[in-house]
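Note that the chains take the letters A, B, C and D in the order they are written out, and that residue 1 is the start of every chain.
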Amino acid sequence: MAATAALRDPAFPAQAFPPPPVSARPVDRDAWIAAFRFVRAETERRAAPLSPEDQQVQSMADASPTKWHRAHTTWFFEQFLLREHLPGYQIHDERLHYLFNSYYVAAGPRQPRIMRGLITRPTTEEIAAYRAHIDRAVETLLAQAAPGALEKVLPILEIGLFHEQQHQELLITDILHAFAQNPLHPVYDPAWRFPQATSSPGAIELAHGIHQVGHAGDGFSFDNEHPRHDTLILPTSIDRGLVTNAEWLRFMADGSYTRSELWLSDGWLAAQAEGWEAPGYWQPGEQGWTCMTLAGRRPIDPAQPVTHVSYYEADAYARWAGRDLPTEFEWEVAAAEGGLDDAFGLVWQWTRSAYTAYPGYRPLPGALGEYNGKFMLNQIVLRGSSVATPEGHARRPYRNFFYPHQRWQFTGLRLAQSRA
Amino acid sequence: MAATAALRDPAFPAQAFPPPPVSARPVDRDAWIAAFRFVRAETERRAAPLSPEDQQVQSMADASPTKWHRAHTTWFFEQFLLREHLPGYQIHDERLHYLFNSYYVAAGPRQPRIMRGLITRPTTEEIAAYRAHIDRAVETLLAQAAPGALEKVLPILEIGLFHEQQHQELLITDILHAFAQNPLHPVYDPAWRFPQATSSPGAIELAHGIHQVGHAGDGFSFDNEHPRHDTLILPTSIDRGLVTNAEWLRFMADGSYTRSELWLSDGWLAAQAEGWEAPGYWQPGEQGWTCMTLAGRRPIDPAQPVTHVSYYEADAYARWAGRDLPTEFEWEVAAAEGGLDDAFGLVWQWTRSAYTAYPGYRPLPGALGEYNGKFMLNQIVLRGSSVATPEGHARRPYRNFFYPHQRWQFTGLRLAQSRA
Amino acid sequence: MAATAALRDPAFPAQAFPPPPVSARPVDRDAWIAAFRFVRAETERRAAPLSPEDQQVQSMADASPTKWHRAHTTWFFEQFLLREHLPGYQIHDERLHYLFNSYYVAAGPRQPRIMRGLITRPTTEEIAAYRAHIDRAVETLLAQAAPGALEKVLPILEIGLFHEQQHQELLITDILHAFAQNPLHPVYDPAWRFPQATSSPGAIELAHGIHQVGHAGDGFSFDNEHPRHDTLILPTSIDRGLVTNAEWLRFMADGSYTRSELWLSDGWLAAQAEGWEAPGYWQPGEQGWTCMTLAGRRPIDPAQPVTHVSYYEADAYARWAGRDLPTEFEWEVAAAEGGLDDAFGLVWQWTRSAYTAYPGYRPLPGALGEYNGKFMLNQIVLRGSSVATPEGHARRPYRNFFYPHQRWQFTGLRLAQSRA
Amino acid sequence: MAATAALRDPAFPAQAFPPPPVSARPVDRDAWIAAFRFVRAETERRAAPLSPEDQQVQSMADASPTKWHRAHTTWFFEQFLLREHLPGYQIHDERLHYLFNSYYVAAGPRQPRIMRGLITRPTTEEIAAYRAHIDRAVETLLAQAAPGALEKVLPILEIGLFHEQQHQELLITDILHAFAQNPLHPVYDPAWRFPQATSSPGAIELAHGIHQVGHAGDGFSFDNEHPRHDTLILPTSIDRGLVTNAEWLRFMADGSYTRSELWLSDGWLAAQAEGWEAPGYWQPGEQGWTCMTLAGRRPIDPAQPVTHVSYYEADAYARWAGRDLPTEFEWEVAAAEGGLDDAFGLVWQWTRSAYTAYPGYRPLPGALGEYNGKFMLNQIVLRGSSVATPEGHARRPYRNFFYPHQRWQFTGLRLAQSRA
């Protein structure tokens, strides 16, 4: 595991989260309230360095304003938890429902995604008041709910907490994208540094055989990790280490951004259309390449893992190297065998697996059924977690997913080789 | 002239602006400093009700953030006045040049217009500091410049003041557009009301004859009002009053938004593509049509002049009425003859004149040559002024211009009829 | 007047067209039938060198297939003449109505313009049969109509003939555009040569004074030439000759396609977006610039008038030369005074006049009211005629019009200078 | 196997194709020449009902003109076979190389795909001459090549034949798309009928176990069917029959095109943007739904398998039915066990498998390496074959692939259900 990044504040006790299993008996109300406070506070901690103007901006359709993340995660608890489960609950402001619903069609119409940045009111301060209102109501619910009610409440609360953690990561990647559009290169945190990579050489070998993949145990999981099922792993070697900036610079020096034979057809079109010559946020400087970071624009460190690469670039890199990206199950089995360095906490790792449903998968009932299932096409699975992922959020069976052209996340890769 | 609108604050003495003619002898430095302060203060007064979030947003490519208007008008003085004419002047921050140049190609590269809303830093407060810095420097220059230097400085100062007034109007129309995207209908000024129209019936008749049009006298004018020249007016009648909401509702009731024969071909395409069924910002409410205003969403007042109509709509209205829009010269001559009610201060009035150069027109030398001339195509002249136009800004020969599909300005119309 | 171009076939007697005035007494049926045959034959003569494949293609939204031109001009007679005025007339094929209506909303729905090239059936041969069917019916009508009926028929017939001539020109410019997309540079007519220009040096001077412009007399005219009316001409000099390729090459050599200060703002955007570096169809060759022509790709002839330039380029050229384009009325008065060389038959000449209605203009009643009036915005008037214009079609008051970015027509310019 | 459709002409002996295995000893030159003639003649037979105009048209970016298919398949033999392997071969026309290269970047620049329909020259007749020229040269090569040379020639010839068969299918689907844009509903073959479906009820059950998938044996295969490898099949049931029009009408009657919860997110966006209310080419008629077919517009036959559905629709249908689409390997194993009706010859069947490389896959060396590998992203595997697929072309391991929004192919589905 990588060293602690600046976003991790040791003042928050690591043991405060995750909460106890939903099914634990007796239910530990205090532990759940502590977990709730922990997660909610982390969102505010991440937003704290940002001015009201910073929190307002939406720099592209894929990104959302900080303010919106803060409000949407709050709306999630109001919509799915308080509306139904807190007797006598008064909606904070009915008009916010339209503004802060993200994509839940079943929950009604919503502000078009591309227009999230136009909502200057409610202000940042009013969003803070909204958060405080919901925080009080949720804590009231947790403190006072009858045991039977708690059984229904806790699974929703738990998904709300993990949902908010996902937005904590997006809050960071989205403001980095916005700052990267500004020729002044604003700084989110001057002390921030990318963690050092472990980078052991060599590879772990997986033998031909059937393994179980997907979530097991009584901890939290998302629906897309289910059902746990058998999979056949073919003989495969997976590198222990991540691909580094030094290796990526060799790939670039070999002309790879101008050699169509290394690229998927759609990837070549994207690279040409976008004018890609290097990973995202890289710019040539007087002393070599630089990258926009949370600490502003910085020189490239050759020893760090490469990040802000799209799937198309990761795929071209693997082809150039005569290797493959691992499948998501090769990654999961290798990680379970303890063979991967830096599996978590540095960069999400592109696999070569399309994001699709596990055999027998069925989405959650109700509006939360839209959470994951409806996105199961055209995207690629990433495994691990990144420097922006909240502590305790990711696990081995966790499936992240993005479109193959996207590169504003902290996305990197490790290589593998499979044999039939 | 219409009654004073809320934007006019009687605390500012009306006599403080406009400044004395540039050519006056002796030069009245105090009057110029007062004029400068007056104009600069008006910008701040218009921005004052807006939160930092409000000032950040750019709701479409045609609009700009409040913050950007405040900074760009400031950059204008720094770029065209202080850089060259204040000895020893230190640029406030060289990096702002790229951000706040609007369209002056000769002044170097600039932030793409569509990306003005992404610049969260400098913050609103830093913009205020930038303004204060420039204010001090300009006042120093005005107080200390030798008489010979003043002769060069004053014409640039004057254009800078009128330029800032143009942005004062845009600041208002642009934030209204942003607020209109927000389903919460934010209020800029709860006390704001559209001024009452005078609305005399009848028309003024212009006889066949040669008139002079364009700027005359020693007051300020823009280059596009020159040269003053002869024009032939054909027999024409022009209505004294503006077209009102009541009249527009009759036009709508006659199905006019669905009758292609009333529309120019390009106008019909625009209306269909944009789904126009009424003027801009109109929405059906439970008690009839409403319009987004500076005081929030309000019922339509039938007695007020219609506003937020595009040229395409104004043209269709005239065709429906069996009338014409006046040419810009018909308007100018009729106004000179005192025959027009509400010529100023309510709505800009679409003419049927394409915005082109006057015969013999040549743009200003240097970078300010880009001010007006390069836009002399594809746009339509509007005459008069609107409720958002700063006091003292508009004059009879003043030529405003917008594209025929645009309708976020306070644009209306009066009818005419010409005979060959 | 320029020498005869290859498209003019001397086998057609020049006196056969135009037909006698509509109001002539007694009506000369034979002359009208001869005129009808003359015009219809000219369309076929222009299509004759083109294969069925050539006649099928639509190379951009602004252009139409040859086959479509042949059918649409035929539909025009069927729709506006035969349907109403030939007793017992049987529609050739009701299904063609949808396909070959161009833009007459009052005549019902129609094939989207952009999809004209997808209509492979009816075939070219079937279009020929459609033409023959209509030809017979029209001749029957002309031969048999009672005198009272003829009075209604002849004005429609006449507009149909001039309408067909307009499409004869488009047929040529549209196939040239299609051929220009083909790297094989197909040849329409190997013997075709651009006519030599007369190119007298010097200019004609127009004095300050009122002139009448617009159509006069009892010959044919379009509605947009009316009403004839007074206009004031300011002192102006207009060059006798057209701008030549040699002059344009000097403009290019001066870097004018890369100097934004020479361009209108919208023109500069168009030039950058389209990558303009020279007039339309120009490509650099081993021995200098070449141009796609009806005889295939040919070296530029410096003595010929420049053609395939947009309004934006013509305007930039005038600015570079420190001159103006003439207004449409300056052109018309100068032409009436006999001062212009090559006014007709080489290239349409951009004026600086926006295409708008003459004072008091009202469109024709009925569906033909859509002919001209609804296009009176966003376009620029061109005067004269081109090498592709049918003999006898253009006249001094004739107003052609295109959008300022278009350059697939034979469009050039002459310079002028106006003084207030 | 479905009954013979009109495209199958019994005059062509079924035994003439496929050719003997490349590795057969001794090489049967006559059989290869016969196979070559058979395939080439089939292309011409499919083009024969089409006029030159029909063969010219490109009705969307995904489709190509008939003429282009005829020329491109010919270019393929010239480029990859004759250029290198026929001593002294003279290129037919060097200029055709640019026009008829499809997507082989290594083979040089090429006509932009979207502009294939603009190439009116060479004409249809000239394409026929090009085909005849290449046919003679290939036959010469096959007759005269030394045995050692033949070893290199035959694999290229073979891929050229299967390549041409792929274009034979596209020729049909592309002209059907073009005809579907024509309100006259042109008829390709009045005698054409969709073959009757077998439609047995019930399903085949697959047990948990490891199977081999991918190509085996010495017959022809594409690179994307390799390497043959182990796969784990989970317990699955697959329907014997295809989904029929009758079943699809029930899906429609249940409001499924307006219920977002049945759709993938990207699918819902596509359906809304395109206005889908039924499968492709369906239109409501007076007696119910009709579909554009090769015999013109015809009433929907409830007993036939549904076709012209996109993956998004197929996926929504499966969700509505509470079922799944099979994976490509479930399909392949079930087909091998003889459990599928109508696996071939009616409609390609969407699987739920993303189109990706088999483990250890490496593309062919040289320019033909671009054949399949570079498209292995963002597309979905279809298995089986369709009514437009040439006889003898498809096999069980054959992998067809299209983007999930595409529906101009003959694409349908069968349902399955997998259990972890």
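One rule holds in what follows: a residue touches a chain if its C-beta (ideal position, glycine included) is under 8 Å from a C-beta of that chain, and two chains touch if they have at least 3 such contacts.
Labels paired with UniProt names: A, B, C, D = Hercynine oxygenase.
As the structure is a computational prediction, the values presented were derived from the model and not from experiment.
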item: Chain at maximum distance from chain D, centres defined as averaged CA atoms; value: B
item: Whole-Å gap between the CA centroids of chain A and chain D; value: 39
item: Whole-Å gap between the CA centroids of chain A and chain C; value: 60
item: Chain centre separation (chain C, chain D; CA means) in Å; value: 46
item: Residue list for chain A, restricted to those that touch at least two other chains; value: none
item: Contact graph of the chains (line, ring, star, complete, other); value: ring
item: In the complex with chain D, residue positions of chain A that touch it; value: 103, 105-106, 208, 210, 214, 227-232, 234, 236, 260-261, 263-268, 311, 315, 324, 352, 354, 356-360, 369-370, 374-378, 404, 418-420
item: Chain B-touching residues of chain A, taken from the complex the two chains share; value: 51-57, 59, 67, 95, 98-99, 111, 115, 117-124, 178-179, 181-184, 186
